[in-house]
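Note that the chains take the letters A, B, C and D in the order they are written out, and that residue 1 is the start of every chain.
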């Protein structure tokens, strides 16, 4: 019969997960809940699920696992409630903007011994995933430097920015997790710069729209990350790893394979325009991984510790940007 | 409520169309039929349709349109039966291996005034479709030469080859239709060569496994086509058009965007390996086009005449290969 | 002291060879001659050589080898004269437009036992040369199909066309030699089409400006060639070989590596614009090969037989175009 | 008659400049000098110049301009001597490892009013030059971020490293000048990290072999630079600029255009392997620029101030690496 799942939060990302669940044969979406009943109703109709109160989903006997996709400030309470009910948890990032609260969640999760997965979907992208496997297989020898580029199609609304924890915690956190995933060693220091070059409203909200960081590990590996809230030629998401024997990289995926050449030169298509399109396969693969792990009693990856580690780096990057100095990353 | 559809023939391609119908909201798959009841049953279960005898589907009052995906020799009888029942018809290529029989089908279709679509799915590929639109928009001036490459992953079984009408009618027919689609002018002559370089069983079945043709139009446009039953680096499907002001082309889609560089050079992924993967979007788009045309009372494209024209060129190519001389294409 | 060379013909291509000789340390340019004394004088000044009458160069005791770069109709007489003086000969293609006259040149060359090289410079291009070596090394298994593309920047003047022997003998002959070089087997049949799509003056001169041929070998290998007197995005010179285990190709060389991406897509540079630039390294390498062969007493390659074979195919292609049927290629 | 030039220092780079002078028609190489007479002799023979003592070259009446290509510690004395003799100066980078000494050179140069050019050859690379022009022309709007990658084929000997001033002053200085060239605004702060991942001898010499920096400008533009003394797939030299309206980048130049595809994927050539090959055109263009500027009485670019600015950033980067904190760049 498979894993019976309830979704908490029916916004854009909740619906992405609902679609993934519909595509995973060992999973069944039983119920969805949202603070906004209309959103829950629309999602329930689209995917053939019931609408229930979030609190009811967390207590339902016919639900084995919950997907936490509500707003960040609600995550911790939901995690504690789900833990108390021994439900497996698939939680959107960030777990919480406070690392102390995240640590208390981890204690509860560990005590309960329940499966918990942090939704760093980009680890499940077939391109990044294949690159990581080849790095791990020694295809380029020992890793020396990593370079990650992320440019979002357009800046988020200032209102969103205010509650987001800032660019380093909201946007760069995916790249920070990817850096850990690829480096094979924990970053021990971060130096961050940030600028306001795109949208004055983001500055007004106390955040930056353009940023770069340098991470270093104990053995001297170096990772550079560039983030921008502006992408001029499609969603820009690239990764390049240099090792002692070679380089591996993932380029953007063009929107189409049509090329024109004239006396003015060659022209080809922009990159795929949006992360939902670029990471469609990754969203499905991460849900499949979660369901298979829960089904078979294995621990899903990345786990809550992975969520915490990325947030600690994001916290340090935020502090580095504010204080203008490199920051040691907490153990 | 949308267009109610029955599928005749539940083999690989029938199932592809069933999946497309499931994804088109204005269509509903009512029933499926196949000479092999087990195949019909499996398809019906997968897509939530009834199993009916093919003859019953053709006569069903609750069916508006039929998808003819059974073996080629059964097509004409099914077309005549569907025409008699005034059903819209979506027919796999080739309509029939005899151009005379195809002409009689066309007479019946025209008399009945029913919508008829020949399933040249590659016209609906987003890449080839975009290229065609740009050619038509004058992006490269007047078309001068066209070059089309198709290499299949592996040769079909000799048994299949025997009933297929040969490479020019079975495989190259897609490229011949594409040539007409892009040239904007009918080919008037074809010269074909063919060789046996891959599989002796194909020679034993009286067919070739490697072929090339040159098509010419009345105004002097030239189209070259290469076909091979062997593709060494994934399914190889490319198109290049030169005009008075430039060139447009469609390249293969790589399986992934991972690239490695070492002292031995750069390495990147093979092309997508199979036509079902390469043309997934095209199969959906052609069904959507058919359903929308039928819904709105417009004629779908490509129609039965398009099917006939491509077959006449394939017939002429076959004759050219056999007789070793260029052949004028019948009007 | 090296090989002492005289150049016969100081037009564009004669000057290219003079420059190559200046760069080859084992060679010395002694004298140049041209029907036009001013041309000879300019060339002599530029490269520090003497001006002599062509007939004097052919008889000079201080000259070991001659470069025949005068107009095609003068080649045969020069070859016979140089043969009589036992000079090594480097001869521009075509040797002569009459294959009978070429055969008589070959008889004289063979009798005299002198080194003779036909200047198919494209064999010495580092890109095509590397491809050929990899084909010969079995990198792609057995050759099955070859595809060659040549598009010239712009049509030659009609006056030139009249004496050129036509596109197949004047322009395609390079590709026909390349086909022999890569196929590893003699073509036995050619089918050619030709059109007038670019310049009416070329039609007026009895020639075509756009052409395609299919060559076949005894074992069934197929080679397609496309030629156009119009290149819209730089000089277009490409080669693609498919074998039983893979494909090798040479793409155009971009004018620069600058790429721009905007919301309209990616833009990059046109191909190098002219054959003198594209084949600069090839011109030098062929002269180095000639000088080294003559110095060491080895026979240079390609030889007069190679010149003859390519012309016989060009003759057959011309006949095929005129008569509209495939033509067997003479032994 | 053109500019009469003397070269001071006949090592690898001195010979590169001698070759460039030979190719510039408005320039004449009169004499060369080197602390090692054999080196001077070989260079003089190769380029048809006299050997003179460096001090004699600086005092020669028949010399208009000097190329200073001797070891770095000798530069300042040579500059003061050349200034006293009112010779135009073409000086290798770095001018000197001490910014104070450089400032005193600049004072002398300014007092004397002589033309002085710092040999940042990469500004004259046709690819980087074209990119810079397009940035300046507004092709991508306002510059936001710049990313520069340099990977050298192999680490220099430890002995060289000891006197080099370290990676930031010796290798990265080219990228720091390029950053200034492209950003269109002075960097005001630098943060640098450095690691020893390649050659322990470099660590022994007190230097790093792998490094990254972040530069920021007053308006918030961000530039990231990565350097490594190891290049695994040819000399790796890339530049990418993002602006408000698009991106411009320069990729590596492949060694050849041959591509192979098999069931294992596509393979293509490594990047050109060495900076002398990659920047051959740039070396010629910078010398041509110097000669034309001196001939016409214009000031050559980049000048001594450009040399100083790049060194001040390199000094700050070195300090940042040593002290582990961002450093303000001196005005």
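Points to keep in mind about this one:
As a working rule, a residue touches a chain if its C-beta (ideal position, glycine included) is under 8 Å from a C-beta of that chain, and two chains touch if they have at least 3 such contacts.
Please read these numbers as outputs of a predicted model, since none were measured by experiment.
Seen from the Cα centre of chain A, the chain whose own Cα centre is farthest off is C.
For chain pairs B-D and A-B, the one joined by more C-beta pairs in contact is A-B. Averaged C-alpha coordinates give centres for chain A and chain B that are 41 Å from one another.
Annotation: 59 Å between the Cα-based centres of chain B and chain D. In chain C, the positions touching at least two other chains are 140, 232-233, 245-247, 261-263. Here chain D touches chain A in the complex through residues 140, 142, 144-145, 147, 151, 191, 193, 195-198, 210-212, 214, 216, 219-222, 224, 226, 228, 230, 232-233, 242-247, 324-326, going by the rule given at the top. Residues of chain A touching chain B in their complex: 126-127, 130-131, 134, 139-140, 245-253, 256-263.
Interface residues of chain C, counted against chain A in their complex, comprise 232-233, 254, 261-270.
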